[in-house]
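Letters A, B and C mark the chains in the order given here, with residues in each chain numbered from 1 onward.
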Amino acid sequence: MSKHKFTRACAALALTLVAGSSLAAEKKLTVGVADALTGGGAVYGLPQANAVKMAAEEINAAGGIKAGPDIYKIDVIAYDDKANPTEATNAVRKLIDRDGVKYILGFCCSGSTSAVASFIGNEKAVMLVGNAAERSITTKKIPNLVRTRPPADYTGQAAGTFIARKGQKRIAVLGALDVGFYAQYVDSVEREIKKVGGEIIAREVFSLKDRDMTPQLTKIRGLNPDAILVVGYVEPAAFVYRQAVELGMNIPRYGFTSGSEEQFLRVTTSEQMEGVWDLRPTELTLLSASKNGVAYHANYTKKYNASPSPSSPYAYDQLYALKAAIEAAGTAENTEAVAKALRNLAVPPQVVMQYQPVDGKMFDVNGQAYTSNGAFQWQKGKWVFVEDLPSDSKAYSQFLSTLK
Amino acid sequence: MLIEILQQTINGLAIGGVYVLIALGLTTVFGILGIAHFAHGSISMFGGYLTYFLATSQGLPVLAAIPVALVAGILLGMLVEILAYRPVRNANHINAFIVALGLTMMVEGINLQLFGHEQVVIPTGLSRVFRLGGITVPELRLYVIVAAIVLVVAMMIFVERTKTGQAIRAVAENRDAAILMGVNVRTIPLIVFGMSTALGVAAGIMVGALFAIAPGIGEGLVVKGFAVLILGGLGSFPGAILGGTVLGITESIAAGFISSAYKDVIAFVVMILVLLIRPQGLLGRAP
Amino acid sequence: MLSVRDLKVSYGGIEVVHGVSLDVAAGECVALIGANGAGKSSTLKAICGLVPASGGSISFEGNDITRASGHAIVRAGITMCPEGRQVFPQMSVIQNLRMGAYTRTDPEQEADLSRMMDMFPILRERQSQAAGKLSGGEQEMLAIARALMARPRICLFDEPSLGLAPKIVASVFETLARIKAMGVTILLVEQNSMMALNLADRAYLFEAGRIVMEGAAGALKNHPDVMRAYLGH
């Protein structure tokens, strides 16, 4: 080493020591985000990552997380998992092994999330799942995993009671039924409508890439159903609604798609959508929003110059739940204690979604949280919140506990 | 039951028309140059995207955007012939094959860069529905079917009744003999690529108006196009027309009466069955 | 009219025609005879631009056409009736004939079409049939008629009797004689040397890519070497 280099190294060391000592009072807590930042899942994943970053800034500005004697400021690292199981596994391994991260948030999509859930139980880390709706993610009783979004069939149950109350008996289903959580949603609807003597008379399938639904719809039309139920991704669902009108089907149309007005109007006219129901988690809608929701919408819009997606608060709420759990556990080092604290957490006051606690707790024994569900109807070019759907979180939680 | 079959047939006609247009382009190019022009689907979709772009961002009426896109398709097809396929004209066939694959990826990439990964639906504003007994025909589908028929007839007239059209057939059937008739075999591929791409663009616009254009759709369509070629008989125009119509209607009826989950599979099963009975395809000549 | 000087033709680097020179005058019927693979057909193909000349020159009516492309040579007035007939099999007889007139823009094409069908009544009979369905002899007639539809100044025939039954061969040569009588300039490549020499005014004898003998057809016919090697005497 030359003399010159040695001097430089000493200076650098001295600087590090000085900087370190000045931050001694507050520590840094790095949380990871694994989510779809590009590709088809990015419509859900990118807003979730943004929401986590926004929550981190708010928490830091309000003084950080107080864990026993320590105060933590939050740092966020976000990796793109492209909604792909392999990419997600790699991203999470990198977060845990290389970046030393103990808390991983995000997770918008079921396939990639399930892949990570399959090994997270063996890690000294806590996983908080967002928008991914596949039921089995919270049936394995993984102690260090919680999820803010309810499983699809929880919503399906509420939707089923709604349809049953409307009095239609013969329901034809058209949807992405090869995807687990959509099929589970339909199963729940079926359970509810059977209680009032109704039945599902057809289960027709479309895939993400299908755009011509007329064969399925023609078949359904021949069965003379009282109503159709469309479960699946926004884009194919929009074609179902449009082509149903084109085939002259003038019956109630129910759906589980969570698509925005803009997404539907790219495919259909507003007239073709008139009267369609969307039966889904209430999520973020300005009409039904709490004070937190209004503030969240305003802050997010200001910060990112775009409206937040309806499901993005699932990730925002993850960080506030984590904060509350670390403060309750009194440590950010012991992940087991934090995971346990999450399971015993009351709903923190800062969250945006309207959670329905089970026995006073945000997450039930399965690590599952429940939000309210709502019935939205397309009226003159807009989704209008019509009413809350009757949802029994306690009964569903017990049902979930019986599953393996 | 009868109404359902009729309705499914009508449903299948529109998509069948799209298949026919794609297959006619592929079969002409294959006939003249022996090239499996895989990029055809992606280039066709480019035409659809272009129409969408002109009709939305540029505010052109759709009816004005369509001819612009068709002319752009002719020029683009000629450009592809000159830049991509002409250099490998006399080389080993595998070279043209690789060029075709590379071109597909390139055009898909260009589409993605220019128009993004979101699906695109060409706004036509045509939402009337015609009713006939128990059968419904959406206005847009009717126009698509009519447009497809007009284009096919126009192409048949061009090929059968004009000198240039006859020269195209002659080159396809016997290149050397065509030279001896005085046919300039360098300009014929240009004309063929121009014509085929224009037909493809028309199909792209139809897909964009009826359904949607998105990454990967063009590639899927070109696979169907080749299936139609094989089903109808390689190099046969009537075969492409019959094959495309049969495939469209079969898909529709199969999806309606068996299962929509196997729509694509059923189409290929039918193709394989036809080939087992008639290895040369429906209208192909026995070897 | 047609003048070939020191023509060389190669396929993939292997030379098959080693410097051939020949002339055809207007109104003449000239035959190229010799064994299979002697370079006769390659010479003809080089004249029509189907294969490139690797050396030498070809001129037609004073214009150099050595490097001209095939379609330009047709437009200059040289038409070939190719070996193996080469009809367009899926096109109808009448469409094949019309292809023969591809380069023409004059209004007499339809009249020529009907003249051809008068000359070959079988073609009128079969006019809307696919050419591929015709018999070998009928296809030969079609190929000849198609070549004449161009109204060529010189017509090249490449092995018109190849693969045909003897009876048909005789009728093909009768046809060629009629065409000659019409005043069409003919350059004929033929393995059936006897028939060719009976028809032609002059002839060139090819051996291994070179011309080894030339002269009036009658003189060649009676030359002892030719008689022994090619006429089977």
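Heads up, the rule we're going with is that a residue touches a chain if its C-beta (ideal position, glycine included) is under 8 Å from a C-beta of that chain, and two chains touch if they have at least 3 such contacts.
From a predicted model like this one, the values you see are computed outputs, not experimental measurements.
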Closest chain to the centre of mass proxy, which here is the mean CA position: B
Chain separated most widely from subunit C, comparing mean CA positions: A
Euclidean distance of C-alpha centroids - subunit A vs subunit B, Å: 41
Chain centre separation in whole Å, for subunit C relative to subunit A (CA means): 80
Subunit B-touching residues of subunit C, taken from the complex the two chains share: 48-50, 69-71, 74-75, 79-80, 82, 86-91, 95, 98-100, 102-103, 146-147, 150
Sites on subunit B touched by subunit A in the complex: 1, 3-4, 7-8, 11-12, 15, 117, 119-121, 125, 127, 129, 131, 136, 138, 141, 210-212, 214, 216-217, 220, 251-257, 259-261, 263
Of subunit B, residues touching subunit C in the complex: 163, 166-167, 169-170, 173-174, 176-186, 285
Footprint of subunit B on subunit A - complex, ascending: 39-40, 178, 204-207, 209-212, 214-216, 218-219, 221-222, 235, 239, 243, 245-248, 266-267, 269, 271-272
